[in-house]
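Next, two complexes with chain A in common: one pairs it with chain B, the other with chain C.
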Partner chain A sequence: MSVDLQNDGDSKPIISPDAATVSLPATGIATTTTPERKEPPPEKEADTRRRSWIVLSFWLITVFIGLPVWWNTTTIYRANLPLTQMTDWADGKACEPVFPLRIALDVGAMPEQEAQNLLRLTQHALDDLNDFSGHHLRLQLAQAPATEAAAASVRDDSNVALTIRLAPGDAAHAASSSLHPHLPILDVQYPPNSLPTANSPSSGLATYIATQLGSTFAEEQNIISYLLETSSITPEHRPKGISQEVVESVSKRMTRQLKYSQTYHLTFSLFTNGPIPSSWDIEAAIDEYMKPVLDMLRPIHNFTIDTQVQLYASPGVQSQVLGKEDLSSFINAAEWPLSPSIGGAPTVNFIIYIGNQTIGVPSEASPAETSQSWMIPQWGSVYLLAPPPAEAAHVSSETLKQPILTFTSHLLTLLGTPQSGSLPLRLSTLARIRSADLLLRASSSLGSLARLTLALPSISIPSNVADGVVKTIQHLELACASLGGGASSQSLEHARVAEREAERAFFEKSMVGQLYFPDEHKIAVYLPLLGPIGVPLVMGLLNEIKAWKSRRSQKLKAA
Partner chain B sequence: MQLSFTSLIPLLPFFLSPVSASTAPAAADYHEQLNLKPLPQNSLLASFNFRSNTSLPEFEAHNFRFFPRSLGQILQHAGTRELHLRFSLGRWDAETWGARPWDGTKEGGTGVELWAWLDAESDAEADQKWLTLTNALSGLFCASLNFIDSTRTTRPVMSFRPEGDHPNTTMDNMHLLHGVLPREVVCTENLTPFLKLLPCKGKAGVSSLLDGHKLFDASWQSMAIDVKPVCPVGEECVLQIEQTIDMVLDIERSKRPRDNPIPRPIPGHELKCNTTKPYHAEDTCFPTDSLNAQEWTLDQIFGKHMLGNCPLTDPKTPPVCIQAPHSRDVFTSMDVQELKESGNENQRCYLLPSNEEEFHLALPFMPRDGDRPKTDADEFVQPATPLLYAERSLTGHGQEHGGVQAILTNPSPDSEVEFVYMESLPWFMRIYLHTLKARISHRTGSDAGQTLRDDDEVIQEIYYRPFLDRKRGTQLEIRMKIPPGSTVFMSYDFEKTILRYTEYPPDANRGFDVAAAVITILPSNSTAAAAAAVGKVARTSNLRTTGMLLNLPTPDFSMPYNVIIFTSTCIALAFGGLYNILVRRFVGRDEGPEVSLVKLRRRLQEAVQKLKGRIQEKLGVASKEAKKLEAKSD
Partner chain C sequence: MAKDNSSLQATTGTAGLFVVAAALRLLLFTAFPGLPNLLTGRVEISTPVTSFKRLQEGLFLYNHNVSPYDGGVYHQAPLLLPLFSLLPDPSTYPIFTYILYILVDLLSANALYKIAESKEGAISRLYTSPRKEKRWSGYIVAALFLLNPFTIATCVGRPTSVFTTCAILHAVAKALSGNIFTSMLSLSFAAYLSMYPLLLLPPMVILAYDRTYNPKAPKSLGQLAGMCTLVVGGSLGLLFLSSYALTGSWEFLSSTYGIQLTLTDLTPNAGLWWYFFTEMFDSFRSFFLGVFWLHLSSYTPALTIRLRQQPLAVTTLLLGIFAIFKPYPSIADTSLFLSLVPCFRHVFPLLRYSFVTSSVVLYGTFLGPAFYHLWIYAGSGNANFFYAITLVWSLGLSLLVSDLAFAILRDEWEVERPEMRGKEIRQI
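Presenting the complex of A and B:
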């Protein structure tokens, strides 16, 4: 700097004590008169250029080193998510939820030609009846005669949802049908004369079979339409609307049922008001009355069973006759040890309460409920048992028969099993409903995650979320493909994995933690630094530009 | 006291076969007992013991009767073979109260202590199961057990042994993990789930006496849960859950009425003064030391009545016992049988009728003067001397250097005591093991109480697992042997760590709790030999020191913003100066452009001048007009 000063000053130093003392009186009287101002000596070309370089280099450092460093150290890691694919799934564009159900027609000893004819006509009648494209019934002729053993084996590869077994019956009677109680078989007895001729456009038998099939699968259709209706799928991908009453009845049932899980803990509890009875024969009762149903449900759910006896348990309601509103507060959640789930599987509670209380509500609303029990949606069921005679401290297996049977039917309702049809049909329907439900759930979780990502630009997205999304989509595709293939259990498995992965991705812990970081904090952090540094930098740049402009105009003038 | 006392001492003592709690067979499905023991200085030790069994096949099949399902489910889920959980509060005053109940095996350090044997193939699997277990128990007992993370978990080597009977096949895969939460405040919300685990739920039997207000007002209390498999000889193996509550009640304090619990000064005329003092006068009082024994009843000190028997227990087992000299008067309600044991002179038990009537017990006031004056020996049984006294305190100076000193005294005049001293210290106490020193002072002999000398004989064996920053704490186990009548001063130094900003708890200036040291007294050779002769393993006994409150250097928590602003100012100063020197051109004062401040001032002055001029002008015009008007009117 000192070099500069000497160079600039031609004969005397610019800043000197003399100059200062001389100018002091000048400022003293500056209030009234402007002092004489001298023009500074002209600056050297080299100095001006050097100053420009300095300003430029500062700016270059700021822009090319400072900014990238700042950017790299403060950006939030956001893994790439396949956003369009995710929204496609949520909107239902990626997968057409189609459930083509294969139905085998076992014609017995009927000639091939006639059988084909019947098949064609029935399929025709079916297509006329059914206006819901998502749920499609496709008839085929059975390969082998549908003996019961064959039907059982067919159920294993589950390509065929139902077999219709035709048998000629009495000519005098009209056609009749019945569902096999333990196998997915519909037995149809038809009068021999009702078989269609080769070129007749319609047949009574064909229409009859079609109507029977329609009514058998009506409930499943309703539930699936309801699921699609309430899902995140955009209206153009939805099936045609279903009637308001159906929506109401289905939604009532859907709100009762438990969220899908692979495993459920079933807890049977005996609560008594006093010290007795303190033991019960629950294991034998469950083995006898509930195990068969649980075994049938095994492909869809696993169950663990535990039982407990709790004495001195006072209910939440003390009144002798329980009104409708008392039922919901009967469970004394504060005192009864009904701890919730452990290890990710939900608990279904079945409570037998031994006491003198009775239910005072006529149960015409749901005739399935006896006057001694009621179901608590998504939670379990309660059965009031009269106190055992005398001082009996033990509850026998026979006494438990009715409660356990009631619990079994409540369990099926809680799991969302359809109400009509034979048990095997209800269970295969349950598998299809559950896989559709899981598929839609996973898709809508993906959609929510995509919306969240777009809505909160400051949220970080770790790479395992991206992994989860990729896995979800992969399994969703597999599930969607196997929906069409008809292999229900496999599509259920894929949908289950997809749903789990989607939930895990959405509820990633590290994402939730950084949800909120207010901008005020950023200002508080940046302002003290950027203010004092930014102002000289910007002012320097502005001065430089000004000087450059004036130099140019002078040059122009000179030229 | 409107009770009708029928059984006065010494009224028909029933001499039955011994029915002591310790010898009760494990086969009974449910057992409960309350042991009362008056202690010196108007204290009362109340030990509640509840024990339920379930056969192992029933447990495996998830059928729970007396064993609580909520706990059983957790144990099965986490693969737990044996579980010990402790909630403790206060300090056991060993000098006054003597040996601890249950030999100290049913108590924990202040706060919450948990140790369990988990069934796992590898250490990693054990850690995973431990995490599951702590999280599940935390929900069940409303305690912050989920904060037992890797820094608070140790794997003790010498201190703990499984208490249950485990088959040899499972022993190989059993992993012991131990965790302590010294900061946890044990409170009513921990008692409620504890009571819920009992079959009678505090509605009948001795558990109906338990009340959070009195329990947590006690001078010392410890709640314990032990789950272990027990295989009685020649019988089926059972899984046993034993729940214990021990508390030392200050009788005077407990008798305070519930609706008026605030202590108030005693009125002057009720004060008991020491009249021998020279300054004793009408308005001066020196309170007497020798407090007369108080009278008390069961419902007074527990605040509740005992509601009969729990019907699930064996009707032959007395639910309430009191350990007091036979000369102590005890009154009970009607129909209660008093059982006196032939072996134990000082124990009396009470067998209740099998109805749900309230049970009353009262210990009346015994006059110290008059015809038959009573003494302390009539009030309580002199407590037994403990095997070892232990205290531990912090030493050191400043914000960096700390030290710990443990004083361990063997009061026995003739037998030495061998024990394992275990510390689990937080990682921010960086201990220097080379400073570990044990000095001994003999109470007898030529150098009685005079010298402290280093003794290499005292420390027999050391197991040390050093800390890892933010990963695990220090684990230090020392096996020691103290000769009779000696005191050992054991000390070591440590350095305090400065923590990260976010690692401080909300009230950082309170300090950091350090868990109590666990002392396991090993059975002496003679008792071990005696036990081995009967085919048993001699029981160890435990005691715990108090916890410590460690002060770490605590920052000012507005620090980050201060630092940001301070460094920013420094940078701005340096940068601004440098940049201006580089970029500005230096010229003479009269040569440069006008300084903006001066310019501003001049402009302001000019504006003021202008304004003045204008106002004057206006005023001038106004006066002219006024003059004109005047002229017109004229």
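Presenting the complex of A and C:
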């Protein structure tokens, strides 16, 4: 019996339902009914055709649905990344890490000619003195006499990092200088006779000023060259290095400071070992002693503050006199409710502990000042306060003055502020250091991402990673352009955005999963699951082809 | 006259059967008040896409004017919600829900009765089995369905898959009685509720074509197929539109069919998918979802071509394959497959592994809940325990499916080679 499958709707049934009575179609073969050892009758044509249809139906599904599904679900999307640009940034080719600092020379009533002369000579002396090309001091004459108000306005809008105010002094024998405590001004008093003449190759005053400037910016130079040294920038693009001792001292300081963040959370905690004191004037004390510094730090960092009081708090160390090794275990992390640095803003802890304990480590510099407090790197600071004399339950703002001032200086250290110089200079240096740091970190993240992309051709790169990279490069360029300029906060802002975007691109979730998925695993995935499906499919097709070939050769023979 | 009499007798006979079956279910519902909720919680009965508990959650949200798909628990068709919100609250007056489920079971049994009485299993338009005399009456087939422990457990566990079962059986019954339009409507209801019955469309079309075939004025099969596809597409479209009107968004598409397509809910069940996809590498997940679905759907064209002469056999075998390989199978699917198997009573002597098959299925039935308990409650086994027993269960079912397919083909072959009857077969 046979059914025409191709158009069985139209064709009449070839056989009646009672198929048993129908003889085989006219293929010319009669069924022989010899009982044993007989060959099976050849397959009917309709059966062969039906089998071909079945094999074909499986193959059609595999080819027309299976292959597109396979292609669509396993192709790895790789967004185009500007790889050369990224490696350029990481190698330091894209941005010369140069910090041209402008120094204004306010000569006061000095004649123009002499002032120009002094400027040229001082610049010469500076260039001779400075062997570090990454940090470039450039002198210029101040436009207007530097009154304090003018200097204050200048600090905000121009590129001047420091103003040198020259004034003829009384001392006849030597020049002297002092940094203004609140403004970026270096006051230099010079003996009137030390002004260089027009043609003299050098001048005592010029050398003096150059040396002063050099020492003022020495720390910044050291830190920046340390940052470059430890960054991913290749040696040929790096300015000349620094000595080993300097590296060590700077790296010691760098490990102490907190990782950069736009916002820090300051927690002030009062722990007492007894029932009193139970209240403190912390708000007033912070407003009075710490707020001014926090305000000055505003362009670089934001701060949020909270306070707490904890009674009957026992420290981690019970001994009366705290030795050096006790200091690290003094914080009772298990019982004291100190918030960990979770979330966006890292926490800086400031703890005042009122108890009977004292520190037994003699401090070389000034024993009286530091014997009450110590700083814990990357974490915060502790101040031991003696119990109030009377049964006073309240700690006054006066009592808190010394602790808060100590905390302020510790905060500056924790933030990575340089230690020498006047406060405004230290802060502008901090801004420059931070933008250099962020810039270098973002660049090295870009380099790592580029290397990762090249090393793992099977890793997928989502389009938001590419977006992040483009944004990073854009902000890096802006940050680089404004690097070292007076408008440091703008450079800092760009560097900050660049660093954030670079980190986000590098730590993209969907990429991290595939980091550990080598190509060899694909065999392990495909083979056991697709083998059982693939073998019958392929064997069926091969059998069909073989049968078709033999049929054809038979037909040829017959013809 | 005699014929009328016999049909009347059959009806009265089935009435008795139906009463007994309904009484048995009512007894189980009322005498063991804890039983319905216990069975509702069983993973073998309730899957994420059919669970009665999830339906209640969706119903609660729906009655409080919140989208039922909020919260990601409810994955069933939206039109079930107004039906159940018409009933009194199942937790206070559960009897109405019980009666609804009993009625649905009886309706399925009635459809099954008609299917068996049509004798399509042994005698189709293009094929008549030489063993056609040996067959079971509709009464027996319906009784086997109604008194099957799997069916009873499903009814008491109240998953919504009973509606799909009912719709599929009615689609078959209507196609057999030549009522093409109703049949296709019923099939689209089934597809609307569970999606996979859409794959039954080709054998259904052939079934309807064969049963309405008029030798004097033959119509084209292609024409009929087109018409059927249009009817199914149109009624599905209408159902979707009314669902949209009901819920106010197209969210239900991704929450009901999307869940089945992407297998986002990996609650363990009696099937083979969940374990694979808990272990699957994430990057290959979508690829293997494609492979699994293709595997499931690739049987339809091949079986339809091979068993062109016996469309009911194609439908039965496909239902068996779905009960094994669909993403969220439960014993409701097994009971649907098992309910159609007795229509092929005439090939039972040709089954080779009936003992092995029944032992393996019983083994899986008894050890499945035990291993699940060991894994989830006792904690003395792990997921592999339960997965191993679902493998055994699926092995038993696939033995039954392949053995049935073999028997049907052998039956066909003996028509062609009557002299080979009763002889051992041997592959050449």
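A few comments on the model shown:
In this text, the second predicted complex is superposed on the first by the 425 of 559 C-alpha atoms of A that agree within 3 Å, B and C clash if a C-alpha of one lies under 4 Å from a C-alpha of the other, contacts with A are read in each partner's own complex, and residues count from 1 in each chain.
Methods note: a contact is a pair of C-beta atoms (placed from the backbone, for glycine too) under 8 Å apart; a residue touches a chain by one contact, two chains touch by 3 or more.
Model, not experiment: these values are computed from the prediction.
Between chain B and chain C, B contacts the larger number of chain A residues.
Using the contact criterion defined above for the overlaid structures, shared-chain residue A:I61 touches chain C, although it does not reach chain B.
Within the superposed three-chain model, A:W53 lies in touch with chain C and out of touch with chain B [touch as defined at top]. In the superposition on chain A, A:P40 makes contact with both chain B and chain C. Contacts of A:G540 after superposition: chain B is touched, whereas chain C is not reached. By the touch criterion stated above, A:I305 is placed in contact with chain B alone, chain C being left untouched.
Legend: residue contacts after superposition of the two complexes on their common chain; A:T267 is shown touching chain B, with no touch to chain C.
In the superposition on chain A, A:T74 contacts chain C only, with no contact to chain B.
By the touch criterion defined above, A:S278 reaches chain B but does not reach chain C. The interface of chain A with chain B overlaps its interface with chain C at residues 1, 5, 8, 19-20, 31, 40-41, 54, 58, 525, 529, 533. Only residues 123, 125-128, 130, 209, 215, 218-224, 281-284, 286-291, 294-295, 297-298, 301-302, 305-306, 308-309, 415-419, 428 of chain C touch chain A when the two sit together in their complex.
By the touch criterion stated above, chain B contacts chain A in their complex at residues 61-66, 68-70, 72-74, 77, 132, 136, 139-140, 196-197, 199-201, 203-204, 310-312, 561, 564-565, 567-569, 571-573, 575-576, 579-583, 585-592, 594, 598, 602, 605.
The part of chain A that touches chain B in the complex is made up of residues 1, 4-5, 8, 14-15, 19-20, 23, 26-27, 30-31, 34-41, 43, 47, 51, 54-55, 58, 265, 267, 269, 275-276, 278-279, 282-283, 304-313, 335, 337, 339, 342-343, 524-525, 528-529, 531-533, 536-537, 540, 543-544. Here chain A touches chain C in the complex through residues 1, 3, 5, 8-10, 12-13, 17-20, 31, 33, 40-41, 50, 53-54, 57-58, 61-62, 65-66, 69-70, 73-74, 460, 513-514, 517, 521, 525, 529-530, 533, going by the rule given at the top.
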